[in-house]
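All chains are identified by letter, namely A, B, C and D, in their written order; residue positions are counted from 1 within each chain.
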Amino acid sequence: MEFILAKYNYWIYIFLMMIGFYAMIAKKNLVKKIIGMNVFQTAVFLFYISISKVTGGTAPIVWEYARQYDNPLPHVLILTAIVVSVSTTAVALALISRIYESYGHIEEDKILSQQK
Amino acid sequence: MAQHLPILPIILPLFAAVLIPLFGRIRVQYAWFFSVGATGFSFLCSSWLLSQVMTGRRVRYFLGNWEPPWGIEYVVDYLSGFVLVIISFMAFVVTVYSWKSVEKEIPKEKVGLFYAVFMLLVTGLLGIVITGDIFNLYVFLEISALSGYVLIAMGGKREALMASYNYLILGTIGATFILLGIGYLYMVTGSLNMADLATLLPPLYENKVVLTGFAFLVVGLCIKVALFPFHIWLPNAYTYAPSVVGTFMAATATKVSAYALVRIMFTVFSPGFDFKMVPVTEILFYLGMAAMLVGPVLAISQTDIRRMLAYSSVGQIGYIVLGISLGNQTGMVGGLVHLLNHALMKGGLFLVVGAIIYKTGITQISELKGMGKRMPLSMAAFTVSALSMIGVPLTVGFVSKWYLGVGALQAGKWIALPIILLSSLLTAVYFWRIIENVYFKGAQGQESGRQREEGPPGMVVPTLGVASLCLVFGVFAFIPVSIAELAAQMLLGKT
Amino acid sequence: MVESSVPFYTLLVSLIAIPFIGLSGKSPNLRESWTLIASVIKILMVLSMVPDVLEGKTIYTHLGSILPGLDIAFRVDALGMIFAVPASLLWLITSMYSIGYMRSLNEHDQTRYYIFFSVAISATLGIAFSANVFTLFLFYEILTLSTYPLVIHQQTQESLQAGRRYLTYLLGTSFAFLLTAVFLTYHTAGTLEFSRQGILTGKTSDLMVTLIFILFLAGTTKAGLVPLHSWLPAAMVAPTPVSALLHAVAVVKAGVFTIVRISLDIFGIDLLRDVGLGMGLVYFSSFTVIVASLVALRQDNLKRRLAYSTISQLAYVVLGVALLTPGGIYGSTLQIVVHAFGKITLFFCAGAIYVAAHKTKVSELNGIGKKMPLTMIAFTIGAFSMIGVPLTGGFISKWYLLMGAIEAHHIFAIGVLIISTILNAAYFLPIIHAAFLKDLPDREEPRIQEAPPWMIGPILVTAVGTILLFVAPSFFMKIAGLVVGSLNGGSS
Amino acid sequence: MGRGNVIIRFIAAKFIPFIQLFGLYVIMHGEAGPGGGFQGGVILGASMILYGLVFGFEAVRKTYSQKAGDILSSVGVLLYAGIGLLTLLIGGHFLEYRVLPLGTPQFSSHIGILGIEIGVGITVASVMTILFFEMARRKS
């Protein structure tokens, strides 16, 4: 129990990640896959953010109470990763809209049956 | 200025990517000129860098003059210099070649966008190779992957969209795994610089967090490399992409990921870790061999020539991974040299296929009858590349196979030898089908009946150049091999 | 040891001729004269190396190394010479014959034909002159690839089928087994250079030596040893000059030569004897000799009968070497030459019969001697040589093979030689009998109807050559003597 | 399109300038505190999207054409890379701001980073807008 509680942030991120992963693999709807992908990526972002926390730390800004501050680097990294994630989502959505135009579906199995 | 060279191969294509949308509006041809200029200079800079490195000096560059481990560092050593030259050379050749093909396959209003994204792809791939920062590697990986998705989707058929989508899903899974792995490593070391990590990690090798991070990195990269059984995204992507994109990605994209795998396994981690503490090389060894058999077998059953070549790539990736996993210098040299060799062979093959599609629109193997007389030069290039793939002596393919075979024997892994040779035989089967069609079927007695339909010089010359390099580096094999040997020494030298 | 680039130039001659042949595709006369010029120069160059070889010297060229351990190097010694001299001589004759044959039949793609012909002969000489296993392997593959377009020249479904089998057997096994053997040799010996004492002695276990030897044998499918022979009868779909080239000059002989070369210079006689591989090889090749002869008896297609005869005859060569006695090896070396002349005569005759009378089956040959007397006389000479009748070269080689078997006290081998001679007679004599003594079919009138002079000429030349080998065999006997002499620790 | 509730239109019209102002503030503030080109750019882009949602795409296209968006997205990156190249040409490393000839190294760094942030902001804002409008334009 102690083990679970002490590392709750990891449990949360693993849980979210698995939800996203499941959706990416198992869902037939292309948009749902993308939603899954976002959950999947966000879980990893959460993981990064949670490891940057220093106990008792404040925001990494120079101000009068700043004795101990959180590690800002993961935040910066994740900012980049978020941009990447947004771009990926944008590309994916653009693809989906064009797939819908040319196939008339966004269900994977129906599209595959058309390709045959 | 000379000390700023390491940044140039990266920012030249980047600048081109930015300028092309601006100038491409004025005239579409400018897009091509900018691309050729950028990749050409990029290739020159890379060659210069490699020559610098060969004098025994490691070239390092600190972005913004922030010293590592705080700032991002670009490192050119034997390995990255070697791969840098391969990638920039192929980029240059493919760009020169692209004019006519793009003109035909891409709608006019999208040509500017096409070249811009193409340059981004080049930037991303070169960035992966040159960076010495593990997070920067992730970013470049994603830049190249994103531009790859966009470019593949530009293929004319609607299947291209689904191919791109599937690639996107799998690619993102891979990239996110890599990101997660990087996070784990950062968590225990607090560093993102590869060289720094290499000194910080050894005491932590028993640490479970490090092991988990390593596992995520390797699995993520294996997806990017398209190692069997993670190869499912690859065939469709290469088949339906515009032929220029298919060519470039087949020649370079998976190689760069393989490079990243080598970097992570041997620079960030150490050979001692890979071979003694975790079973990763063991697993890669068997997966590589499986790929070497599965790829050609699937290739034999294809009717579309590009899909066949794509499956053949799956098999060839197996060679590279096998070489990496053998754990001795000879095997490593084989794997690294195959990075170059496969880029040349597969590049040459796809260039020819692109010319065929441009000229005749043929994509099916059975329709290639009599092509030997219609496009003699292109088909000669095809034959040379195909013989190379089979591994006939005096071609580059034989060099890789020789090193892999000898490496396998030296490592005591006898099982690899028959697999290598069996794979060559299967390769011979699917290429011979084409060669038979091209030269010896149909069109009997039409010695002068069919006129020549050779592609435009802008396509034929690059194709012949690449194909002749297959021979040049097959005969003067010591040139790439000596570089690969230094790189292998460097990678395996650390304990 | 003499350093000289002549061996390399000898190879290069016919390769240099290729662009000229290719460019003059429009005017056949010019094209064929390039071929002939190249072949004459080639013969002269080969002959120019003979004096050195006769003095017991070895001519060596190091062309370059691809990788450490993988050198391209040429070495001309007596064994190589005994293969190279007939090959280059017969190439000239075959080229002339081709001109007649191809023009009479008005074949398509003649330019391609002559180009690959030239590549094939270069590769053959490359095999003869190679100084290490890698160079040998290289030219072995080039030979396979360059003869493929010749074999499937007809481009019919049947010939493509045969071509596929040809490649599967030759390319397939050489990659699967020969290359494996090369890898293992390099791994155990650390070098691939030929050496008279063998390079594997004392390097590894007997089991490993046996394994490598078997791999070499299995990889050298060109030799046509049963059970890996079926590509050869299939390849009979090729135009007749090609068949002649395949059997008498290039492919099969290259295979046999490879086996001889590897047995002597990779393993060495002593090692083979110690491990007991010689015995195994005797039984193996004897099996081929007998089985192929038996199969030949049942073939009605003339060229296929000749093909099986080749398989059987060239297994003699392997048999002779396998005896591991000087006499056996002496006989083997002579057999290479003698068989070349004899078999090429037979194939030329088969081609002439096809061109002049359009007959391919043995059962159709009744009375053909009345229509084509010259051809059938030449055929008779060739057949006698195959059987080993005195006054033809075949007698000499068979004699020495027999001596070698007796020397080795090998009753089994003696028996095989005798039985196979009877079988040879059994499948050749009926043809001769039918040709001269049986009546023509009713519809045909007995007037002379020979093939064109371009074809008859070469036939007569090779037939005379076959007889000359009996009358004046001293030249080849001297070289063969050198081969044997160098075995006993002579200069390498 | 554009026929939204009058309240929404009124409020949006009043708010959009302030949103944009805030976006600019966030961009300019980026080199000294929380904020920066990404965040500011997104805010700017959001203001354009809001404008489009409320008043219709044609209205947006009148003030901010597609061509302008395309060019701006390139210009932003060009600004970023150009500053990097400038530092190279002056003799520093790529993106080594303090070598810029603007008085003290500190001040140069300030200006350099600000330039970068503006470049990023322009690109992000225009790309966000392009993305949104490209998606919305496709009426399936």
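FYI, a residue touches a chain if its C-beta (ideal position, glycine included) is under 8 Å from a C-beta of that chain, and two chains touch if they have at least 3 such contacts.
A quick note: this is a predicted structure, and the numbers were derived from the prediction, not measured.
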Touch-connected components when chain B is not counted: A, D | C
| item | value |
| --- | --- |
| Chain at maximum distance from chain A, centres defined as averaged CA atoms | C |
| Of B-C and B-D, whichever chain pair has more C-beta contact pairs | B-C |
| Length of the line joining the C-alpha centres of chain C and chain D, rounded to whole Å | 80 |
| Between chain C and chain B, distance of the C-alpha-averaged centres to the nearest whole Å | 45 |
| Cα-centroid distance, chain B relative to chain D, in whole angstrom | 36 |
| Centre-to-centre distance between chain C and chain A (centres being mean Cα positions), rounded to whole Å | 70 |
| Contact pairs between chains, per stated definition | A-B, A-D, B-C, B-D |
| Sites on chain D touched by chain B in the complex | 67, 70-71, 73-75, 77-78, 81, 84-85, 88, 92-97 |
| Residue ranges of chain D touching chain A (in the complex, touch as defined) | 33-34, 38, 131, 134-135, 138, 140 |
| Residue ranges of chain C in contact with chain B within the complex | 64-67, 70, 108-109, 134, 137-138, 141, 145, 149, 152, 155, 160, 163-164, 167, 171-172, 175-176, 179-180, 183-184, 186-187 |
| Residues of chain B touching chain D in the complex | 4, 7, 11, 14-15, 17-19, 21-22, 25, 61-65 |
| Of chain B, residues touching chain A in the complex | 135, 138-139, 142, 146, 149-150, 153, 158-159, 161-162, 164-165, 168-169, 172-173, 175-176, 179-180, 183, 186-187, 192 |
